[in-house]
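Labels run A, B, C and D following the written order; every chain starts at residue 1.
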Amino acid sequence: MRIGLLTGGGDCPGLNAVLRAVTKSLIRQCGAEVIGIEDGFLGLIERRVRPLGWDDVSGILAIGGTILGTSNTASPFAWRGADVSADVVAYQRELGLDALVAIGGDGTMTIAARLGAVGGVPMVGVPKTIDNDIAGCERSFGFDTAVATVTDALERVQTTGQSHGRVMIVETMGRYAGWIALEAGIAGAADVILLPEIDYDVARIAEVCRARSARRRATLVCIAEGAKPAGGAMTVERTVAGSPDPIRLGGVAHRLRAQLQPLLASEVRATVLGHVQRGGSPTPFDRVLATQYGNEAARLLRRGEFGRMVTLQGGRLSSVALASVAGQNRCVPADHALLACAREIGVCLG
Amino acid sequence: MRIGLLTGGGDCPGLNAVLRAVTKSLIRQCGAEVIGIEDGFLGLIERRVRPLGWDDVSGILAIGGTILGTSNTASPFAWRGADVSADVVAYQRELGLDALVAIGGDGTMTIAARLGAVGGVPMVGVPKTIDNDIAGCERSFGFDTAVATVTDALERVQTTGQSHGRVMIVETMGRYAGWIALEAGIAGAADVILLPEIDYDVARIAEVCRARSARRRATLVCIAEGAKPAGGAMTVERTVAGSPDPIRLGGVAHRLRAQLQPLLASEVRATVLGHVQRGGSPTPFDRVLATQYGNEAARLLRRGEFGRMVTLQGGRLSSVALASVAGQNRCVPADHALLACAREIGVCLG
Amino acid sequence: MRIGLLTGGGDCPGLNAVLRAVTKSLIRQCGAEVIGIEDGFLGLIERRVRPLGWDDVSGILAIGGTILGTSNTASPFAWRGADVSADVVAYQRELGLDALVAIGGDGTMTIAARLGAVGGVPMVGVPKTIDNDIAGCERSFGFDTAVATVTDALERVQTTGQSHGRVMIVETMGRYAGWIALEAGIAGAADVILLPEIDYDVARIAEVCRARSARRRATLVCIAEGAKPAGGAMTVERTVAGSPDPIRLGGVAHRLRAQLQPLLASEVRATVLGHVQRGGSPTPFDRVLATQYGNEAARLLRRGEFGRMVTLQGGRLSSVALASVAGQNRCVPADHALLACAREIGVCLG
Amino acid sequence: MRIGLLTGGGDCPGLNAVLRAVTKSLIRQCGAEVIGIEDGFLGLIERRVRPLGWDDVSGILAIGGTILGTSNTASPFAWRGADVSADVVAYQRELGLDALVAIGGDGTMTIAARLGAVGGVPMVGVPKTIDNDIAGCERSFGFDTAVATVTDALERVQTTGQSHGRVMIVETMGRYAGWIALEAGIAGAADVILLPEIDYDVARIAEVCRARSARRRATLVCIAEGAKPAGGAMTVERTVAGSPDPIRLGGVAHRLRAQLQPLLASEVRATVLGHVQRGGSPTPFDRVLATQYGNEAARLLRRGEFGRMVTLQGGRLSSVALASVAGQNRCVPADHALLACAREIGVCLG
């Protein structure tokens, strides 16, 4: 059995742990040959692969990023304006692959499945999203690490806020789903947590800040990059004209700052965490989780269950048909237990 | 409504997060008065309590230990040879308590329930076990932190092992259940993981070590303090005669070392992690989890659901009748998914 | 003996360690009374002080920020347009202070000295600068912590850079002195380190990036917020029009990104660390250093050596006349050993 | 120019940072060829070497341990009872080495120098001691990391101590010099710090514990493994009979526990940190320091200054003749500033 492995889309802590588990499990359980494909689908297009042996994946469990490399955009169906999927399928045959393990987000897995549909090898998917927003998947690896990184940042900023009696705004990842802001906000003792799922009310937030500063307390605001004011259109791009990457420039944190400052006596400061949230060594929790995801993918392969994606549901690893979840996002539902919990202990959710 | 709060049994990261969530939730949701009882039941016996207000529990989320203090042994039913439960019940009345929230292990909650049965106030329990071994409770707060601490230690010891080509044995907590050794062992890339639930075979472990050192690799062994060799009686106390605290002296790690060294050419070293595993600031994961446990306890109180213990099942907070779980331990079942996963990626489980 | 204590200027890890050491040392060595002044000079203006006893400063060693609070701007010589120094001097007398310990930057100490000159109590200064740029002071507390925070961020960003083959730019604090960027850049294995002291050459940096990506390697750039291109005027404010806080918006990192991207095939990304660099618990190194600074201040007080600032020179604590260092900055000298070291191991310094 | 590189003696954080800096500096500054010798002198005896190129030492800065491996005991002058130094010298010639960089403790460097004296290649030494006790060297790499590890452990144990009102004893490395216990003790807010350099008085320590528990406070004791009671013989081996490694079993911590418990009402607990103190990724401080040590060694080589050891004095890198420091230990002098500082803030030093 020859199995191809690739990681696609954005960097995420735990990718190497998945690669290690898939490879070790396949080698040990069925003596499979594992072929590592470099830089996601780009490696299939540019024909860059390398064998992955036991020693190649030893010692990488705790290393951030992916030893295979990844690419965000390369699709064989639209590569520099052309459809090169036929060449990619031919290359898969040359390599003698029996199946492909695609570790990535929605896009990566959809492409892998489409390749199978046009004559390529069958695939098994391992969901990868630092935002924890893949449908049918309770908790994805990398998320716990991102939450830990953001929580650490919130604590650091908090000490400054308290020393100066300021309102500190920290912007986290999460354009469509607010999981990171919600969990890190609670773990970092944020007083206000703003998510894409709940439009916020500037006046209400200002009230919270004033009430706290009246008691000589700082206010810590944790805002997801996709959060928006009630009624307010998402006009970040325009507010920070000419910037090469508006979102990364912290549109929402700086916009909220501009909205709040006129309403408050205390200083308001904004910080955008940006790329630090994606990187670093996975937490022990994520190492165990990613190892389970990888091992489960190897099991699906051994059982010949193709076109499926590994999932975690009710605390157990299992799988769903890729088709059944493709193109869907998992946002924070309005009735989510953590939202109620946050409200009941006094967190302002917008 | 006046509610008493106490923490009993051993220290555990997240206790303050629970105290904070219970208190804030009770004050905010029903304007309750919260009374903190010092040093577990000792505070009820010695009449040492203090009010807990909003500000008393602000800023303690990330602090390890318990601001109320705790005690391992004090039971009103057997206090210095006497049964002082009547005085304790009387004191509860004097305090005007309507209910008691007991955060602790099996013993703590059983005593709290027994007090209710002899005329004391009704109770709600929050399970506390760093070993993650309370029946009916999927994942307890403090466990993730302990796993992180042990994983960090395994990684440190690993660098020494690799530099010297040694066999390194690290002893973790877990006298009856091996959860910490299992998860930390996987997260710390241990080659051998030994649990109380699976008797180990010294010859087989020696084989693993020899095979690895033949490939110039070190071997990392993670052993729970309750693990024992097949057939071998648990004779730690006798092997380390005259020590004030045999288990803490690392009976099992040093015994395993003594068993392995004669069978191996490479050096074998043993380390006992001991008390460091209990302490420290909770991980973000544990802060969120402990906050949910505390808030759920406040909900049970508000709904008047007494004699129950908060639990986590299928990823959701709920509760069980204390009677239904008292006196049971949750060990690692032989068919647990993580055991299979570990085996499939090549970990030796004894 | 009654001693006033205040912390002024920006937040810095280790302030509480200094407060603890000064207070414990004064109480223990000469039974002094210590008065904590809130929010820097603002506390003297608004008459907000509180006694600091042994227990008040116990358990704060590892806590970030300052328990006394601080303020950046409040000067008794120019308070809301008026000179209120006479009232402040009068208030010092009312409090019966014998001396003042001012922990802060250049501004804070100069004001404290000026107060003494117009009839206020004599002062002793403890230098506080996260940028490590106070003249006459080899290494200031807080700096090691900031370097550790930035190094951690560089490592996180590095994993993303490597996975994607990108050029990652990380902006650190340091408007006038590049110490943080230099040490964190070396500790974080940055390939390019850009300081305010050395104007950089965009073409040369692009060359480094191209050479590395030709070998399929990412490039990590660590740039201090005060770094500027050769000949290029500092036009950040204009490039990010209408922003409430241009520097915080990452002027230099995003400008460099805009300069580099046209010259490179690989993606360039920029991150601005911002406020996270000031906060958090001090490293053990900084705890020891801050404790020594605080204790040395108490010694100067006991010996009646006023108008002086504690310093670290040649690895030893001592002091200098405040007048001799006021108004001077300590930049990275062109012949500094670390610059030569960085160059010799192949780091591009601009 | 062909240079041999070896690491000898115990594992220490920063070894890879030194290897990286020496190699990069030599390749870049004089196009030298660098030969890595495996497992210290064992590699010269068993003829196991490998070339070290630029890429071999890239990405290892933050990795604990040594990629070359090390050995504690192998001496060419006494290898399995025979003197094989002549073969080793011959092998050095075969390899065409011009010089040898020995990174290690006293023993390693003395052997390297002796080899030069009997016809081997000249050597340059880089001092390596986690205990920070090498003569002529102010601060050695790895020490800051060990202090950070111990400080973290002290903080964890502290939370347990406070929650239970216990006396917690933590045993650190340091058989002859107490640097780690002293700095970590101060950074970890230990109430009692016991060093090999100062015999302790059990009665006095008990007094401190009683005074604290009278104020409902726990007591944290940090004791170096070489500390001993006044007059008391070092009888650890006998007290823990039959153990394979008495010191590692925590002789001194458990002996102190046995001595204190009878004198106190509060529980006394002991923990031995053991091997975790040697391992792990170096702190940013140690990465910078180790990089400087490595680069300085390359400079000595380029200048042909042989038989010398790199040192840090007065905060500057320089070197001393190996002969002038060999066989000497650097203990904590009785008049050391940190001892006075600790006493003045109320720490009991025995």
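Convention: contacts are C-beta pairs under 8 Å (C-beta built on N, C-alpha and C of every residue); 3 or more make two chains touch, one makes a residue touch a chain.
Keep in mind that this is a model prediction, so the values were computed, not measured.
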Could you find the chain whose CA centre sits the greatest distance from that of chain D? A
Computed distance of Cα centres, chain C from chain A, in Å: 34
Which whole number of Å gives the spacing of the CA centres of chain B and chain C? 41
Contacts with 2+ other chains: residues of chain C: 155
Touch relationships between chains, expressed as pairs: A-B, A-C, B-D, C-D
Residues of chain C touching chain A in their complex? 7, 10-11, 13, 15, 39, 63-66, 69-72, 149, 152-153, 155-160, 162-165, 168, 239-245, 248-250, 254, 257-258, 261, 269-280
Residues of chain D touching chain C in their complex? 20-21, 24-25, 28-29, 59, 61-62, 138, 144, 147-148, 151, 155, 183-184, 186-189, 283-285, 287-288, 291-292, 295, 298-299, 314-317, 337-338, 341, 344-346
